[in-house]
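Next come two complexes, and both contain chain A; in the first it sits with chain B, in the second with chain C.
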Partner chain A sequence: MSKEAIKEKSMILQKEMVEGLFNELDRVQETGKKVCYTFVPGNLSELIRCFDMLPVYPEINALQNAMRKKSAGYIKEAERHAHSEDVCTYVKCDIGMMIKGNVGPTGSKIPDPDVLLLSYTGCFTFMKWFETLKRSYPNAEVIMLHTPYQENGEMTPEMTAYMVQQLEQEVIPKMEKVSGVKFDPEKLKKILGLAREAQDWIARIFETTKHRPSPIDAYFAGVYYIGPINIGFRGTPEAVAYYKELYNEIMERVLQGLGPITPEGEMPEEKYRLVVEGPPNWTNFREFWKIFYDMGAVIVASSYTKVGGVYDLGWRHDPDRPLESLAEYCMNCYTNLNIPQRISLLSKLIKEYHADGYVTNSIKSCNSFSAGQLAMMREIEDKLEVPVGFIESDLVDPRYFSYSNIKNRLESYFQMLAQRKFIHETQNA
Partner chain B sequence: MSNLDSIIQSCKEAAFDLDFKRAKAWKEGAPGRTLVGYLPIYMPREIVHAAGGLPVGIFGGGDRKPIVKGDAYYQSYICHIPRSVMEMVLDHQMDHFDGFVFPSICDVIRNLSGMFKQHGFGRFVKYLDLPQNFVPEIGGRFYVHEMEHILRYLREVNGKEVTTEDLNHSIRLYNRNRELIEQIYDLREEFPWRLSLEEWYYVLRAGTVIPVEEHNEMLHVVLEAIRQPIGTPQDRVKVVLSGAFCEQPAIGLIRAIEDAGCYVVEDDLMLGSRMILGPIDDQSDDPLEAIALAYLTRSRYSSSIYDVHQPKEDRLEALVRQRNASGVIFASASFCDPSLLDAPIFQNAFNVRGLRYIAFQYSENINQFKVIKEQVGAFADSIKLWEDEPAEVSIA
Partner chain C sequence: MKKYYLGIDLGSTTSKAIIIDDKDQIMGRGITNTRANYKVAADIARQEAIYDARFNLLHAKIQPEIQANPNLVKYLEDIRRVFQYVQFRHRMKRLEELLAETVESFRRPDNDVLEQTLSNILQTIGPRIRDGFLHRNLGGQNQFFRDIVSEQYNLEVSAVPPEFYEPLMLAFDKSITPVENEMFTQSFEELVYEAMRYLNEKYQGLADQPNAGAQDDWYYAELNSSSKSFKSIERTLTQYIDDVVKEEIHIANMVGTGYGRALLPFPEDCIMSEILCHAYGAHAIFPNTRTVLDIGGQDTKAIQVDKHGLVTSFHMNDRCAAGCGRYLGYIADEFGLSLNELGPEALSATRETTICSTCTVFAGAEVKELLHNGEERPNILAGLHKAIVQRAMSLLARSGGVRNEFTFTGGVARNQAVLKYVTEMVRESYGELTMNIHTDSIFMGALGGALFARKGMIQTVPKEVAAKAS
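Up next is the complex of A and B:
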């Protein structure tokens, strides 16, 4: 395996977009642009863009801090301020960073929020998080968009109407007030059209893993691919260009029969195809990934890459139903799906992507994902007779990443997969 | 045995019967009766009552339910209540329930509703998405739809068409229930030795598993009994117990807090039964709207309600002052996100405001409280010693 990571054009495009956003955040004093703190699941990127605001995603800052080995200190700082050891470590990392001066992962200070926009999709902790932030930023406008849970596995007209009313009567008027920009429905429509295009591309990208070998890893590399669409660029021509480029690069790999690129270069052989449920660990991301690619395991689909939107089942933003489709988008993010829906989506992925196994990475401090994962795993194992693996780690607290435990468990799991494959091949010989 | 003692005894039996035998007997008493299990914190029990049902509170197995199967459903870092609820349902202790309502409170309860659905427990499973928008025409309307959805499920079970008068009648009964409960809290504030927290907890919790008519009668008797000068005052400090609104502490812990030198004059143990402050309009042409309006405008604060317009630390402080309490005991179930994430908000505010508090965690199945009792004892002593001094902050 070559040791050199190759910089593709799409990577450069992504880097430019992200740097551009951080540069803009650095310059808000001069430009007067308003800053909107919000979360990835159910993010209203299109609307934020419509009001020329700049988004800040606290959980993205937390995970980037973790990748830069800064999260442990911030978490300790929050715990010194009465935050429990047992709650979401994204929250603690963010609060710790704020207490220490709110210097972001890139080294520059993140501006204070003008608005705390909570679209409250699939995670109660978001609500507690913003309650905490509101105490620190008393002047920030608070906007709450209550996203109903798909408790019955559906989005009913009442649920959509409730959200549209909130958008019309609460969210949009408050955003107008903070930004000083009048709501322009035509502008929103245009942005939604571009969002839809980006969604088409990303859906195609994640479908390329149906090829053998899979040209990409849909989890470890997937988290980079979902960056632009989740952190504010959905609805921009740049995002469309990025995803188009990425798709072409990936299709080139398909034509050449190449497997995924890893931090150590190309993966030479695809031995196992897996579907993974749960977010990754960020503090030891590279080590974590390496355990998989060293064993020839490629992730062909993952639930985590759907936290900012599920596009597999055909749903897209619709410029002709602008507010309705913003509402549906929020309701349709992965953690807003009920447990039977999650099981059915994961089962579909396992079948359609011809996975050899299903692995759950259970995150200690994330109940939104973790509560129910064991039952889901059992159900999937029983129904599909697919070998299941289970590991535990955390999002951004390095104290809960035990390399040896995870490696041991995964090695046993891969041994099981190897035996199964062997039996299968012998039977079919 | 006095009337009061026999009520307490009977409530204790009803409240902790994990087979819900009283509810089952009630259901068998007449055709068309339904049982609807509900989880913490709050659900509008009035609508189940109006539809000929008995709402039955499910507060987990406490320290009376060994967990054999439930642990296979939950990782070690998730609170205890969902695993004991799973254990109970898998052990067929809720087979006589027609349906289940899971009010929106946290991700664990939310996902548990999906597990019930997946397993097909009961004839219906409804996650009740309580509105976070408090505008009556927006959040109120949505909440009415949610209640109508539950009524539809109930109608599918027993075919009963619920009338406006049915609903208003049920609202009246629950208004009376809440009124009697508050009167007892008020009396306990003044004379907490007349009815210990442990005894009061039995009575209060029993109200979640027996018919409201019966509970109202019991509350009335309890109220009359504690109007008499019974018991002997002790040298204890009045405190508020906060944070234990879902998974319940074992009864030994509740007892230990008072034994350690406190009178708990306010608490959120059975928050759902007291959620609405004051009566709900019982003459309305649209009773569902009346219930919704009361929830939107006259709810107690709760960890599951987005509070930025009515900060919870202000509301808890007001409660402490209203009850003439000297401090707060923050008790959170281990791994309980809503309670633990609220803790720093309360505690950082109380540090600034000079309000005394102590904080600890518990699990429903743990009944060893030596350390907690010592901490609470030290807390009570410090309050007695330094009553006139600025607060000493104590974080456990």
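Up next is the complex of A and C:
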């Protein structure tokens, strides 16, 4: 991994956006802007922006700390403060970072929250996480938006009405109170319009992997692409510009028949097309990715890139139904779908993106993702007769990433895939 | 020239090699303990398999004469035992030299006495091990050089004056690994004739008439008297041996597999996943196999295969080796038993003690507590064996369950108590189905490797697909 990563214009744009956000967070004492801690799944970026607040995403800080090799120390610190080994490692990394002075991944101190906004309750850990944060920041306002689980595989009008009522009676009044800004429905509509535009672009971007070779890796590179849309830029002209630029760059690659760019340059040959379920490991992200691209495997679709929003099935924010669409957005995040919905989505991806295989990366400390993964895998295997692989790692705890185990499993999987692909292609020749 | 194909399975505990001919018949098997130097482990396993192949060729050649002269078989078996001892002896000689050098390097004031003590130990254990090989089939008991020597050496060192205990153990620890990692290359011819010279000595010392001694003594007496002399048998066999040593065992292709496969000195395209190899090996022996459970030293694999022996999905244990062969090794150490004794003792249990811990280390503590509370050792062992199988059952469930036929492979499949619980629990959860266990269970990965080496990946796919592809 000695080669320099190649930087495209879109990457520079993204870097500027992220740096801009952290600079703004650095300057809240001067600007007086209010800070809202919230989570990626079901995030109400548009509403936060509507009140001129700045978002902080603890799980994004955790994963960035992991990529910078800082998470192990923070986790150890949290465990020293009696957080058990079994607790979600995002939580422990965040708590450890707070204990150590809340210095974020960029090296600047992250400002304290003025409000803790919990807009997705499907992950029970999120609730306990914010309970812990509330103890550390007793002056922060707490807003809890209860998001009903799609138990029956649908969002009913009653569910939407229930959420809109919470938005109107709980979320918006509290945000007005904290920010001192009066709610402006017209401003929200405008932001939602831009959000929709960004969503259209990102949906198109993730559809480019239907090409052969796939011009991008929809998992390992995909996690970078979803950055802006997930961390508060949805609903900004910058995000629209970024995604437009990114789309154009990718289409240029499609026209040239190029495969994905990896940290070691362009992938020379696309041997296997995979769909991956589950978040990546962040502590050994590049090593993890390298196992795949060394084998000629490209991820053509992944569930993780839908954690901040499922746009594949046509859902978009709607300026004409502002609060209703915010409610539906929360309910429609990937981990709020029931198991049959997830299976159906993954099956659609496997078929439409012509995947040769399906791999589950089961995360030790993420119940939201891991619960039901084996059953999903079995059903997909039975229904589609697609070769499935199963590996285990963790989000940000390096103790749970065993390179040799994962490489061993994946090597076996790819050899199995080679046999089956050969049979499949020969039979269909 | 006849072509042979080699598969090497470099496992975490043992390294196995299989040689097959161009008709997929197993010609030779070799096994050794995996050591720090993986190349040496692979080379020894390969060398053993080649020696074994030569003995099997020899056996095939004498086949027409066996009816007229059944003593040939017994004599050949005897040569094989001594052949193992001759190999052992060469390595042992090197160990003796290194031990002496190491002890000398300590330069203690009492070094003279220490050196004498070492010499006494070696003079005591040498003949004892020799007798073990020559008369008690020590080589056939799944024990390797390190196990055999350390068992005897430790026994003797425990009886020396306390001040010598530590230096002698230190000398052993420093010497055994380099010796183990050394490759001794002797030709089959050299070794087999050396073995025959040992046999000469042995037979010449035996009586000509049967007496009331052990059955073996009676056999040797019969061998001496009925054939007038074992010399005539030896002469007959020598002709065949000369034929066999001339035969070239040409390895046309080889495939390495197992946990240490990446460290094998093979080209990249000759290295295959142990999942595919175990499944393919098991399927070659039992063509109706649909589910394979392999319990090895450090990992357990649950593999689903199709009718062609191709893997459709698999699951392996992660993060924890409880429930694997090493767990049994640890338990054997806790009880001061050899691995081979565990299964039979567990089978003598009157009930299975519940073992709560799924962790190898914690299980050790739990065992101590249970012994302290007066629990019977066989019952604890039965509980431990059951616990291992319960973990394997969970892995099987995760991999998609058990389908007919079910084949159990890996070194642990040799343990009768594990076998008993696997059989019970599979039937309990999945009903009556065909369960296959083979005496070669530990060699399935190597066999799969050898088959891949012969056929190449394309030929392993269904015939109609291969035909279409070609």
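Structural remarks
FYI, the second predicted complex is superposed on the first by the 419 of 429 C-alpha atoms of A that agree within 3 Å, B and C clash if a C-alpha of one lies under 4 Å from a C-alpha of the other, contacts with A are read in each partner's own complex, and residues count from 1 in each chain.
As a working rule, a contact is a pair of C-beta atoms (placed from the backbone, for glycine too) under 8 Å apart; a residue touches a chain by one contact, two chains touch by 3 or more.
As the structure is a computational prediction, the values presented were derived from the model and not from experiment.
In the superposition on chain A, contact is made by A:S402 with chain C only, not with chain B. Looking at the shared chain after the overlay, A:Q427 reaches chain C, while chain B stays out of its contact range. Of the two partner chains placed by superposition, A:I99 touches none, neither chain B nor chain C.
Of the two partner chains placed around the shared chain by superposition, chain B is the only one that A:M144 touches, whereas chain C remains out of contact.
In the superposed pair of complexes, A:A418 makes contact with chain C only, with no contact to chain B. By the touch criterion defined above, A:M67 reaches neither chain B nor chain C. After overlaying the two complexes on the shared chain, residue contacts for A:E392 are found with chain B and with chain C alike. Judged by the touch definition given at the top, the superposed model places A:L384 against neither chain B nor chain C.
In the superposed model, more residues of chain A are touched by B than by the other of chain B and chain C.
In the superposition on chain A, no contact is made by A:V28 with either chain B or chain C. Common to the chain B and chain C interfaces on chain A are residues 374, 378, 392. Those residues of chain A whose C-beta lies close enough to touch chain B in the complex are 81-84, 86-88, 91, 118, 120, 123-125, 127-132, 134-135, 142, 144, 146, 148-149, 151-152, 158-159, 162, 165-166, 169-170, 338-340, 342-343, 362, 364-365, 367-368, 370-375, 378-379, 392. Of all the residues in chain C, the ones that touch chain A in their complex are 259, 272-276, 310-316, 318-319, 398, 400, 457-458, 460-462, 465, 468-469. Chain B meets chain A in the complex at residues 72-75, 77-78, 82, 104-108, 110-115, 117-118, 126-127, 129, 131-133, 135, 137-139, 141-142, 145, 303-304, 306-309, 311, 332, 334-335, 337-338, 340-345, 347-349, 361, 395. Only residues 374, 378, 381, 387-392, 400, 402, 405, 408-409, 411-412, 415-416, 418-420, 422-423, 426-427, 429 of chain A touch chain C when the two sit together in their complex.
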